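Can you keep this structure in mind? I'll have questions shortly.
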Amino acid sequence: MSSIRLNNWHVGWNSSRAQEAAITPTSDPGSAVELVGFSKRFGWNRVLRGIDLRVDRGTTLALVGPNGAGKTTLLKCLATLLQPSDGAGTVCGFDLRKEGDAIRERVGLVTVRGYVYDDLTAEENLRFSARMSGLKLEPDEYRAALARVGLERVADQRVRTFSTGMRKRVVLAQLRIRPLELALLDEPYAGLDTQGMALVDEFVREFRETGTTVIIASHQAGEATRAAEQTLILKNGKLSPMDHDEAARSHLSFDSLGASEV
Amino acid sequence: MTSKSGLANVIGIAALALFLAGSFVGLFVVPADGMQGDIQRLMYVHVPAAWLAFLSFFVVFLMSVLYLIQRDLRWDRVAQSSAEIGVVFTVLTLALGSMWGKPTWGVWWTWDPRLTTTAIMLAIYVGYLAIRSFADDPDKRARWAAIVGIIGFANVPIVYLSVIWWRTLHQPPSSPRSVSPEILWTLMFNLAAFTVIYVYLMMRRIRLAKLEGELEQRMAYHG
Amino acid sequence: MDLLRRSWTIVWKDLLIEARTKQAFNAMVFFAALVLFIFSFALGPDTALLQQVSGGLLWVGIAFTGILSLNRTYQSEETSGGIEGLRVYPGDPRAIYLGKLFGNIIILLAVEMVLFPAAAVLFQIQLLPHALELAGVAILGTIGFSIVGTFYAALTVNLRAREVMLPLLLFPALIPMLLGAVNATTLIVVGDPMLDSGIWIRLLVAFDVIFFVISLWIFPIALEE
């Protein structure tokens, strides 16, 4: 029932011991994410409290929860943008505290607004993203990536002129051009129309086919979240398996199917 | 806990006693310098204050490095305390230096290397304390402060050397030979007295910082 | 090297955006010229005096103008999700420091190319005979300013009173660099019979090297969240 597996961990209840003794979760090749007693606080505000989590490679995790519950914080921690306050974790087998660089090479993060520069064109944004990721692509590969998200006609327009949906598509294109082991999607459906959402679902399907692990934090249900092997609720800084009462209380409407009908 | 505050009290009394003794000797017992007259007696406070200003800053530097390595807030508390005490002594040094300068050189301020460096060090101290006021998160606060403390301190010797090249007005450091033994011993005594004062103030301030930290933590959980 | 390539990508991005929006450069040139003009106005028409202080005035002008550039350094990331947008990529985060540093140096040097001639006119100093040495001093001084400034800008970018904190932290740290730059410039312009400018230039080099090493080393800690 619970998605927590504690094989091979010699962890006492004092999780900071785990950190000191470098007792990390087993770097089991089958796991994409493993967190043990993972906590994150900002000042005295404890956003994530002692989270234990395991996500198997190639599977999808749907993360739900009320606003401000910490879903974005958790995703950012997994992307190594935030350092854990307590506890231990590995992503793709690499330690979160010490091997952040290796993690960033394998992980892609899509935020709600996306890291996109208004005064650069769609293609330039893509080029920036690729180069910063250490990739060297041919110009037509950029074009192809933009065509994949339906932006080939506006490839040379500045992002400032784009709608929210178009902006989001640039972000998706940035994600797509990198070889990833783990894709972190924060509210991927937000701001997208039916076609856009279908695009997200397509991408997630492709990720699953190529064995990329996917974690989606989303209010909205969609094909991708429904296909998830694991669905967890993040509430009061703690993770728990979802039950339907909980879903109703956190205003999650699995009834809004219209949005993602393909 | 009572034994610690008991120890602090003892040191406090010792500090007071040494200070009074040193001041008494400096003011009334030791003969005044032949050339400068009584105004020279200011040196018995000015020099120890300057010594403490720099010692405090060195402690800030050391604690900052320790904090960044170990991430233990205890080091940060010591750094903060030392910075606050150091500011007081820095201002004292500048004020006394200025007071001494007026009758001696005829001006309230000169750009001599030590005074200038001390003034710049004051600015760096103020920056250190100012940046602390912008973070509510104690770890963030400690981290920023540590960075500023380290770079700030690294700057001090460079500033000093630059200003020396730029100006050379300050009295060359009194070497033991050119100063009468009585003046030297009184100076040493006062130096020791001030160091004890520093230790006492530090003990009190660090304890206060610890309590402040606990209060902060409690308010955050209940607020 | 990967670090340099990523730094250069950041420089490319920033310069491209700057070229398109022209926000900072124009404002900076205007501001710099204005500052110099006010200085010369305030000091009056005494040519000898102006020539003597020209080095100081010039570098104060550059420093004030430079602060504008520094404020902008990380501001430009704000609309695109903040500096997270750079930290999310693999590789040494120091590439961010280097990229921003090179960008600042380039823009500041570009402004100085307008500023020095303006100073020549306003302060009635001869620049051309010593153009090479002056260029050398300008480059070393600008590098020094940018090294420390880019670092402190990163530290203060999220603070509420950023506009006050940045100068407060920066100026004491810049004193050796200012001394070096001002004295070297003045000596070159006014006359250097004893070749003292060498000392100041050496000070600038030492300053640049020392603070470059320190800033580069500590930068990842300044970025931590």
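We call the chains A, B and C, going by the order they appear; numbering starts again at 1 in every chain.
As a convention for this text, a contact is a pair of C-beta atoms (placed from the backbone, for glycine too) under 8 Å apart; a residue touches a chain by one contact, two chains touch by 3 or more.
Keep in mind that this is a model prediction, so the values were computed, not measured.
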{"item": "Least step count from subunit B to subunit C, where 1 means the two chains touch", "value": "1"}
{"item": "A-C or A-B, whichever has more C-beta pairs in contact", "value": "A-C"}
{"item": "Identity of the most central chain, Cα criterion", "value": "C"}
{"item": "Between subunit C and subunit B, distance of the C-alpha-averaged centres to the nearest whole Å", "value": "32"}
{"item": "Inter-centroid spacing, subunit C versus subunit A (mean Cα positions, whole Å)", "value": "39"}
{"item": "Centre distance in Å when subunit A and subunit B are each reduced to the mean of their C-alpha atoms", "value": "51"}
{"item": "Touching two or more other chains - residue numbers and ranges from subunit C", "value": "224"}
{"item": "Junction residues of subunit A - those touching two or more other chains", "value": "none"}
{"item": "Touching residues on subunit B, where the partner in the complex is subunit A", "value": "136-140, 216-217, 220-221"}
{"item": "Complex interface listing, subunit C residues touching subunit B", "value": "151, 155-156, 159-161, 165, 168-169, 171-173, 175-176, 179-180, 183, 199-200, 203, 206-207, 210-211, 214-215, 218, 221-222, 224"}
{"item": "Subunit A residues within the subunit C interface of the complex", "value": "76, 79, 81-83, 101-102, 104-105, 109, 111, 113-120, 124, 128-129, 131-134, 158"}
{"item": "Subunit C - residues contacting subunit A, complex", "value": "2, 5-6, 9-10, 12-13, 16-17, 20-21, 79-81, 84-92, 224-225"}
{"item": "Contacting residues of subunit A [partner subunit B, same complex]", "value": "42-45"}
